[in-house]
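Got some structures for you, see below.
In the two complexes that follow, chain A is the common piece, with chain B as its partner first and chain C second.
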Partner chain A sequence: MQPTPTSREGAGMSENPDTVLSVENLSIDFHLRTSILHAVRDVSFSLKRGKTLALVGESGSGKSVTARALLRIIDRNGAISSGRILLRGAGQPEIDIVPLTERSTDLLRIRGGRIGLIFQEPMSSLSPVHTIGSQITEALRLHRKMDKKQARAETIELLRQVEIPDPDKMLDRYTFEFSGGMRQRAMIAMALAADPEILIADEPTTALDVTTQAEILDLIKRLQESRGMAMLLITHDMGVVAEVADEVAVMHYGRIVERGDVDSIFHGAQHGYTKRLLASTVKLEQSRAHEGADAAARQPILSVRNLTKTFGGSGGWFGGNDYAIKAVNDVSFDLFPGENLGIVGESGSGKTTLGRLILRTVEPSSGSVVYRDRAGTETEVTALGKRALRGFHRDVRLVFQDPFASLNPRMTVKQIVGDPLVVGGIASGAELDRRVGDLLELVGLDPMSRERYPHAFSGGQRQRIGIARALALEPRIVIADEATAALDVSIRAQILDLLLDIQKRLGLSFVFISHDISVVRYFCDRVAVMHRGKVVELGPAEQICNDPQEPYTRSLISAVPNPDPRHKRMMHRTRFIA
Partner chain B sequence: MLRYVIKRVLYMIPTLFGISLIAFLIIQLPPGDYVTSMVASMQDSGRAIDPAEIARLRTLYGFDDPFYVQYWKWMSGILFRGDFGHSFEWNRPVADLIWERMGSTLGLSLAALLFVWAVALPIGIYSAVRRHSVGDYFFTFLGFIGLAIPNFILALTLMYVSYRYLGQSVGGLFSPQYVDAPWSWDKFVDLLAHVWIPIVVIGTAGTAGLIRILRANLSDELNKPYVITAKAKGLPEHKVVLKYPVRIALNPFVSAIGWVLPELISGVTITAIVLNLPTAGPLLLRALVSQDMYLAGSFILLMGVLTLIGMLVSDILLALLDPRIRYR
Partner chain C sequence: MRTHADLTSPIETGPAISPLKPGLTMGSLEAAGQWTLIWHKFVRNKLAVASGILIVIFFLIGLFAEFLAPGLPGTSRPQYTYAPPQTIGLFIEDAAGNRTFQPHVKGYSIEIDPVALRRTFVVDDEAIVPIAFFVGGASYRMWGLFEMDLHLIGPVNPSDPMYLLGTDRLGRDLLSRLIYGTRVSMSIGLIGVIFSLCLGVTLGSLAGFYGGWVDSAVQRTIEVISSMPTIPLWLGLAAAIPLAWSPLQVYFVITLIVSLFGWTGLAREVRGRFYALRGEDFVTAARLDGSSERRLIFCHILPSLTSHILAVVTLAVPTMIVAETALSFLGIGLKAPVVSWGVLLQEAQNVRTIATAPWLLAWPAGAVIVVVLAYNFLGDGMRDAADPYES
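Here is the complex of A and B:
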């Protein structure tokens, strides 16, 4: 633990009176079964009062481990091997967090008391069997020595600060009665309960919709300013970084490869990795050159008319719920050959249900879906029988969101990709082997890897396998439901380009369902914006993004973070009040 | 919540009807009836029986009536008069026989359940939190032994130990001199000296099973993000574990109530016979063998009722424990 000056800003860093926490040469090792993984190597940075440092990197770069190490929350097989984490407070002696033992009261006082943590999964980061109030009150009673009544009053005040409506009632609710955004607000209230000097926000908005993301970031930023907290923001979204951060540190394979203030990172990146990361960030303003867009002259391949799906509404034996939800409400659109139609909307807007209705994995309540096959004959999909539906499914395939859950871990890649061919009785033996090889090559995977199991592949490679499976039957339409949402930015760009390339070669049509407008903009010719089950606006991608007509679309577009710190968009966005 | 309970109780009515029908069907299934088996055993001992007498008995017991008539007679007796019928073999009302045995059965069940909980909970938590430690392996080993040893062997072993080294009378719930004595402090102490053997024997397999379930469940829960949230809040580790993941991993414990009651009546019959326990199991076996149909039927029916009540209690407790169930 020798104090070596590693910071590019020089050794003057630690003398800065605004520095509340400095990390010096931190290294963390994980002991795996056969080897030692150096997850974090020689990382140094400092957090300053009222400022935000963004730690950027792809999954596996060690950014979350670093953040949690500040609280000494590390998985059992990991340990800090060297370095110092110095915490300085006003009028308090400097504490090095590293040598503290797991059970020491000093450490427990720092956790939650001086450093607050909020992190990604708003669905699972709060206990489902305790009320929101009890979980926040607990933090208050731990660190601020309040009695029950005071703590309750303070909790209501905190919930009010994070803008949860009716805080005195919401206090006694459970997490599953809250939406994702509300849970994240409650989580923030909890992290702020003991008035910490430092807030660690680990991917705080990754699981949220753009509009909710904008609101949450807005809230965090305001609370940070009013309380003068230092913030460590961990994210892979360069747009969020540009909107919120003051300083940026880029992590790659456990090291900080570049560090500097936000403007110099975005406009004068030195390191190759930073440049690549920025280049692969899909910008909302950026769109590819659209070719062959004379679609209107051709016959649509798929026509959806007045499609509606109602959930609920029928009472059970003992009077179940008698209200119905129109998940998809009177939706109509056409899909032309070789066209990419994007469907965007927030979670709960019905976009996924719409995709399933077209495939009829969910039965529509009313409306029609007309499919025009290769010979030009029109088929009414909603009226198809089981056998005929199988033929339809041969032409219309689905790519799923989760590359980890959508591949059977007990099947080899060859079995997975070849499965549609085997089920359809199209190929077997050497022929099957050849087809699978071709498909893997098509999606940019090594055909030699066909005997391996999915766990041997990364997220991006798995998604390629999923795409190869979708293409096995030479479909004409591919429905991609959030196909890139679970991937890192650089991988996301690769997969999008792969899909475009395949489309060009095979003449496919895509229905691309996503909540990420930048991705849709980049990928799609036309975009349908969904809100509460209805298509509120449908038009060319260009027009939707640059000149949205409907107020809802306008608010949605303005909430997309802009990956350029000189043009922050989110902070002066238009809000949509319905 | 009240609505949920009422709903559950109402659902029990058709289920009960189904159980009673099946119970009656089962006791009717074997060929012949009580008279046949009585005749057979009398002929074995070399006595001749007048065929007219047999026919008279058949009419008396109503064995010649069609199925539904017999069923109706039995059910209406239970519903309107609390009369479960008459035991042919014991020549006593079935209700008396059952209540005699039910008290000890229920008492033993509850004691065994408490034993299972008291042992399985701390060991399960320890095993999950200190996974792959020496202690975990030790308890895992014990657990597998508990699961693998047949109950009656364990019972015999414990009886031997108790007799040989502790110098106790073994078998039954009381020493001979206390069986018919009125309740006193000495009798209670005598009961305690006897009752631990059946409790341990009956509880061991269940304990081992629950430890494994709790260990698996808790290991999953320990990696959930809300545990990190609780840690990041500054709670000490033991409080984190007990308040959050254990609470959620407890569900199988509560569900255990549902199956422990019927298990004790039917599942541990062999143990009860070995240990000479005055529980329902051996009586049910005798009744089935001798085709004492009303006794057997009533036992089966009562077991069904107990299962339903156990399930109801465990469901209500589950709903109290887990708000997600309550609100569904």
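Here is the complex of A and C:
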């Protein structure tokens, strides 16, 4: 890495006095074992005082690497191969960050001092063994040379600014005593400690619930405006972009394919990729035309009545615990043939547990689940023995959230998809080969790839393999537990369409568990909203999403970012205080 | 306001990658199974590969001990007690100054210190002992099966002294004893580990898979066993071995005693892995596919564990070797005529011996250190490569 000559030509943006940082033709290469990955190629953008630039892209687009390059915290096997990162401050000489050496005082002063960073995962970016206060104080003492007393007072002030209640007490608490949203607030306070000119927020709300996300984005936006900071927001969520950003740069495989102000990107996208990205986002914003609306006239295929699961509250040999949590509390619903029932809720609402209770991988504490099989006989699932439960599991299948953990990496695709057939003694030899081929074709994979191992497939392809496995036994109900949560938005739409297509062909019913309102709106006929273990509202998807009745549902729906900068929804949301 | 030049470029379909070497494709690993991936990851660790090769060499030495050793381990020649190591020379110079190629060692002449009346050996430049490869020598039964007298290296005249690593108190060749000791010490580590492997994997997987009271019982047993002070217990157990037993019986009992304490760590490791894997989505998926518990364990969980178990086992072997060495060193493990590294070290127990014949300490101790280190490096390398799917 040689220091580039600071020629002024070609730096057209530098004339703007509001520009605090400009990146010019930045390229970053990663040395892999057998090849070089050009993670970032020829990227240029600039950050302006008081403005937010959103760097949008799907996973692997190089957006995080770009942001990290600004602080020079790229992983060891990566290096900036060319380009300049020019930092300009009021009354200070222009600095090119690229040629600075690793231990130079300039670089240390920039990191955390002039550029603050907020990470995605607030749990792992805060130290678990220090109090929140001491972590913020450290930043103050390092960058602003305060003494202990001053730093403590300033820390309390910072915590007050990020709206943490009782800052003088919370200061001495540890990370584990903070909720996810509070941690992210503390993280923001830490990033702001040195009064930086630039704030980099790397997926700041991805790990948070929608309502918390709305609050955090709200807070960041307000702080940024009041302090006049420039912000670089890294995100994959077009909704967040529309709500927060002033300018947008769309990244795809290491290149910025399109850049412009937020309105022109959303309402006049030029590049094919941007159009595709927006199309798949907007598609999920609308409900699809529903057919078979007359579901109520038919007999339900699955009836859940007063299902309850209590965790804890048991006395053990070596000390149990005294208090219990009702993870699922008195839940009742019906699932009709050919229907898609959505179960929506934030983390900890008990939606995943509910799915597991129906399958009895977690045993319910009380309540009943009645399944009506093909012949019309009703079975009480909660009373089934081990053998009979296996029969039930043939008809009711599960699709997992994580396409990486749910496929055994040591088995070939054929073994994975064919496993239920082999176990059930349904097919073997050439017959098995044929069935697996058919299933792979059904989910849109090349049947020739059946001898490969899961690591040869991308996330979306792996999820297709998981779906093929679920379909192998010709089920009647598929429980999809956050089946699209780990996927990029364009893949997400593809998988949803695949599921709908399969449903049409095979006449399946879906229980679709998700935290993502837009996915549920697109996919489901009816939606149950869960909050703290209870179903607070159950109704047609259209009505829940457009005209929610319960206050909790209303706050949830209104907190979902709207991917249209002309109609910002999140900032005018209804708040729910429980 | 729109500022970019790439607006008309087509949508790219993949990340930009340029290979380091031309002609290399990324696709070759796609159809590779776990062992191929583990191997690819393992060979990148040069130290581990070198250690692996070293261990294989040690095993080969143990396997062909009779052939490799210049003599027999038990042959003592009282006239050569505490004879120092010799060095191999390649050329002989005759009186005329002509150098001819002839591998040889120098013989000894004995001097008696007039004050202490102690015998000391001096290398005698005149006494040339010609040596050669593949010479006939003392006869032995190869693997106890057939009679042979061929040795890899030895003096051309079998009665000449050739002690490349010196001799011990009874004038026995240290090199031969060390080579025979390799067989016992290397195999005791391996056999001991196989015992512990059976115990550890069975109990560990039961505890990990079923959890609950099974887990509690196994865990408490492990804790009780690992809280016992090992050396006194070994002493007690070893003392209980009847004196009349044959060396072979003693050998097996000692392995059993050593491995009785070695399985605990292995069981814990297996239990931990089982616990982690039991909660993995793919195991739940297999359960929902209708797999029985046996099928879950043998088709889904154990294949994911084998590479980890191999690594743990490799790391457990050196503790076995060290335990055997310690027992034999204390005189309660293997006993003569069996030769192991620990038995050899027994010779170096007092300071006087170390002062007069330091090679008796250096070579056996060096062998133990080299093998233990090599096993550790190999085990580390294997542990790093054991899970090719992480990250």
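One rule holds for everything that comes next: the second predicted complex is superposed on the first by the 556 of 578 C-alpha atoms of A that agree within 3 Å, B and C clash if a C-alpha of one lies under 4 Å from a C-alpha of the other, contacts with A are read in each partner's own complex, and residues count from 1 in each chain.
Here is the rule we use: a contact is a pair of C-beta atoms (placed from the backbone, for glycine too) under 8 Å apart; a residue touches a chain by one contact, two chains touch by 3 or more.
Given the structure is predicted, the values throughout are model-derived calculations rather than measurements.
Steric overlap between chain B and chain C is present once the structures are superposed on chain A. In the superposed model, A:Tyr453 lies in contact with chain C only, and not with chain B. By the touch criterion defined above, A:Phe311 reaches neither chain B nor chain C. Between chain B and chain C, C touches the greater number of residues of chain A.
Of the two partner chains placed around the shared chain by superposition, chain B is the only one that A:His143 touches, whereas chain C remains out of contact. Across the complex, chain A meets chain C through its residues 31-39, 41, 60, 252-261, 264, 270-273, 276, 317, 359, 361, 390, 393-394, 397-398, 400-402, 405-410, 412, 419-420, 423-424, 451-453, 455-456, 466, 469, 473. Looking at the complex, you find that chain C touches chain A at residues 1-4, 6-7, 9-12, 14-21, 24, 26, 29-34, 37, 44, 216, 280-282, 284-292, 295, 300, 303-304, 389.
Here chain B touches chain A in the complex through residues 7, 10, 224-226, 228-237, 243-244, 247-248, 321-324, 327, going by the rule given at the top.
Those residues of chain A whose C-beta lies close enough to touch chain B in the complex are 68, 71, 73, 102-103, 108-113, 116-117, 119-121, 124-130, 135, 138-139, 142-143, 174, 176-177, 187, 190-191, 194, 318.
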